[in-house]
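Lettered A, B and C in written order, each chain numbered from 1.
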Amino acid sequence: MALLRLVLPLLLLAALWEGAVALLHISPFYLPPLRQVLGAIHALWPAYAQAFMVTLGEAVVGFVAGALVGVASAAAFHHARWLRDMLFPLFIASQTVPVIAFGAIVVLWFGNTLMAKAAIAFYLTFFPVTVNALAGMEAVDPRQVALLRSFGASRRDIWWKLLLPSALPRIFTALRLSAGLALAGAIVGEWFGASIGVGAMLLAALFNEQVVAMWAAILAAAAVGGTIFGVVALVEARLVFWRDEL
Amino acid sequence: MLTVGAAAGPRAKLQLNGVSRHFGAVQALAKVDLGIAEGEFVTLIGPSGCGKSTLFNIVAGLLEADKGGEVLLDGAAASLLGKVAFMPQRDLLLPWRNVLDNAILAAEIEGQPKRAARETARSMAADFGLKGFEGHYPQQLSGGMRQRVALMRTFMFDRDVMLLDEPFGALDALTRAMMQRWLLDIWSRYRRTILFITHDIDEAIFLGDRVVVMSARPGSIKLERRIELPRPRDPALLTTPEFNAIKRELLDAVEEESLKTFAAGAV
Amino acid sequence: MNATLARGLAGGLLLLALWEAVVRLAQVPPWILPPPSGIVATTWSARGALLDAGAMTLFEATAGYAIGAALGLLLAMLLALTTPVRKLVLPMIVLINSVPVAAYAPLALLWFGTGALSKVVMVAFIVGFTVFLNALDGLLRVDPAAVSLFRSFGAGPLGLLWRLRLPSALPAILVGLRVSTVRSMIVAIVTEMLGSQKGLGWTIFEAVLQIDFLRVWAAILAASLISLSFFATVSAIERRLVFWR
């Protein structure tokens, strides 16, 4: 059923694409037929598969690290009020910095490695996760904390048995948002001199003015994004099954 | 003041002597003296804002009393945190734990092995009317059932003294009456010392060995009334002349205090 | 509240001081990390060019923002009115949106050239999606009891939309508008970095090529300041409009 809900819009979109191109005589400069784009991917399958894997790797490394560090720093902020007061405004302000502009500098720091792209993906994931995890922990009913304390619970007990599970729904909201951001970070990171990856493919297609290759790269990006998003949604469904309650 | 609230016999399980509490300039409690004997069921009523919750939090060990007063458990002064089983107004069940795992929460925090705790909980489930629902999640249960899970959690936190803060306050009248009878039944079987807070005078009389009435803020013990009605008690009791006489007496006391609060603009 | 503010300020100043001290004491070369004082100095001396570039980027961002917000809101209202169409169209829109906008930037450049138009289109695209998704969520998340009540008063679909759904969706719509401010600047800059003759993104790209990293930092500072003021303006409007929160 869930699979159907995913596949149906995909098929519909594909049909719409093919149909529109054929019926409305859309110039291939704007939208080449889907068959042609898929054919281009098929013809260069190893290259696309490699680009997919490379970009997925960069985004996932940054994404996972950003999620872990984000939750950890939210916990630190929750425990130490002064730390929160000192750093949280900076956090909010730094959200308005066009972070992607740091791409050039990060690539300079790490060279043209997986780390450079992962670092950008990390930065983009880290903030939303921290903000949401903190909000989730702050929203915990103080009476609930009092109850656990009356059972003799230690800080650690309270964190593992109450604060973290309570914050999970909001953490996953942030993770779903960050999945796309992490990928965007990886793609833009590749624009600064990378030769392999979905972002590099996009850039190459732009320089050669190949619309078909560009759409093929967009589809590859969609595949990477869909993979990350799908895994996050799956884990969320397993872990946060009680979500409707909150 | 020597007789009111003096030690309830030589075996006072829980004893409060001159317990006060200020919050800044506001005095919430003024010299509360209260003794509860082992195995006794004491119910406590009072107008809104009389400091019931403050008293409760002090007995639960979540709040310190002002200097000068003392809270004794088995005659000894010590931190009460973790020594009293306490059940708040809301059930506060964790939505990600099923019935069994919610019930064993306290036991788990104490360090009991989960498997053993679950076995105990499973064997208690029938007593608490939860047989067949062990694997359900709180959001799948009715209000009465959720409250029974919370009570089971409190009972599984195996302490001699239990504090119940309006546990049936949010239930509809019919469910509430059933839960009261059921609680008495459980209590007669597990024999714990209970301090039970409520708004409802009928409930206080129906359940308690003794009813304690608190005064308007700053809260202190205004009146204590032993309830000599025979046990086991059943709903027919609620319409007997004896019951009504006690109710009349307590209503007068509570109303007097409520009026004071009302006049003070606190409601 | 004042103590909190003081701590926040202290935190910011401490961070800047730490940054400056580390860079100076460890003699970090400027291409790795320039000191804050150096960034501010460069920003000041290059203020003419930066202001020029910033004006261009801000124009692209705000023009795209206005168009995108209007289109997103309109589409959300249309789909809120027509349930069957929504059920068909919404999953497809979500799919299209699941591709990061950065991936569409090369297309926009190819189609609309390296001038301002491609940036405006890209910004309108991302802002439109953000506002649309937020607005639709708000329009549909209305208490069903309130809907029944309004219908019992004889309200039709349009009356329902105007008197109940829009006002209750206002907070969600404004959140979308606020989040979109920062996104519009980011997208304008990213698209500029890929191809343009003007703007802060172009300044950054050019400075990277010339290995002038102080200028990169200066451009980022300018972009952040513009972003922050755009964000603050929309936030202030939001606070005025949603006074009941």
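One rule holds in what follows: a contact is a pair of C-beta atoms (placed from the backbone, for glycine too) under 8 Å apart; a residue touches a chain by one contact, two chains touch by 3 or more.
In this text, all values refer to a predicted model and were calculated from it rather than measured experimentally.
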Touching chain A and chain B alike are none
Of the chains shown, whose Cα centre falls closest to the middle of all protein Cα atoms?
A
Taking each chain's centre as the mean of its CA atoms, the one lying farthest from the centre of chain B is chain C
Taking each chain's mean CA coordinate, chain A and chain B are separated, in whole Å, by 49
Whole-angstrom distance, CA centroid of chain B to CA centroid of chain C, is 54
Between chain A and chain C, tell me the centre distance in angstrom, where each centre is the average of that chain's C-alpha atoms.
17
Could you please specify the touching residues of chain B with respect to chain A in the complex?
57, 60-62, 81-82, 84-86, 88-90, 92, 94-96, 105-106, 108-110, 137-139, 157
Note which residues of chain C are touching chain A in the complex, please.
3-4, 7-8, 10-12, 14-15, 31-32, 88, 91-92, 94-96, 98-107, 109-111, 181-182, 185-186, 189-190, 193-195, 200-201, 204-205, 208, 213, 216-217, 219-220, 223-224, 227-228, 231
Chain A contacts chain B in the complex at 141, 143-144, 146-153, 157, 161-162, 165, 168, 240-242, 244-246
Per the touch rule above, chain A residues touching chain C in the complex are 5, 8-10, 12-13, 16, 29-30, 82, 85-90, 93, 95-105, 108-109, 180-181, 183-184, 187-188, 191-192, 198-199, 202-203, 205-206, 209, 211, 214-215, 217-218, 221-222, 225-226, 229
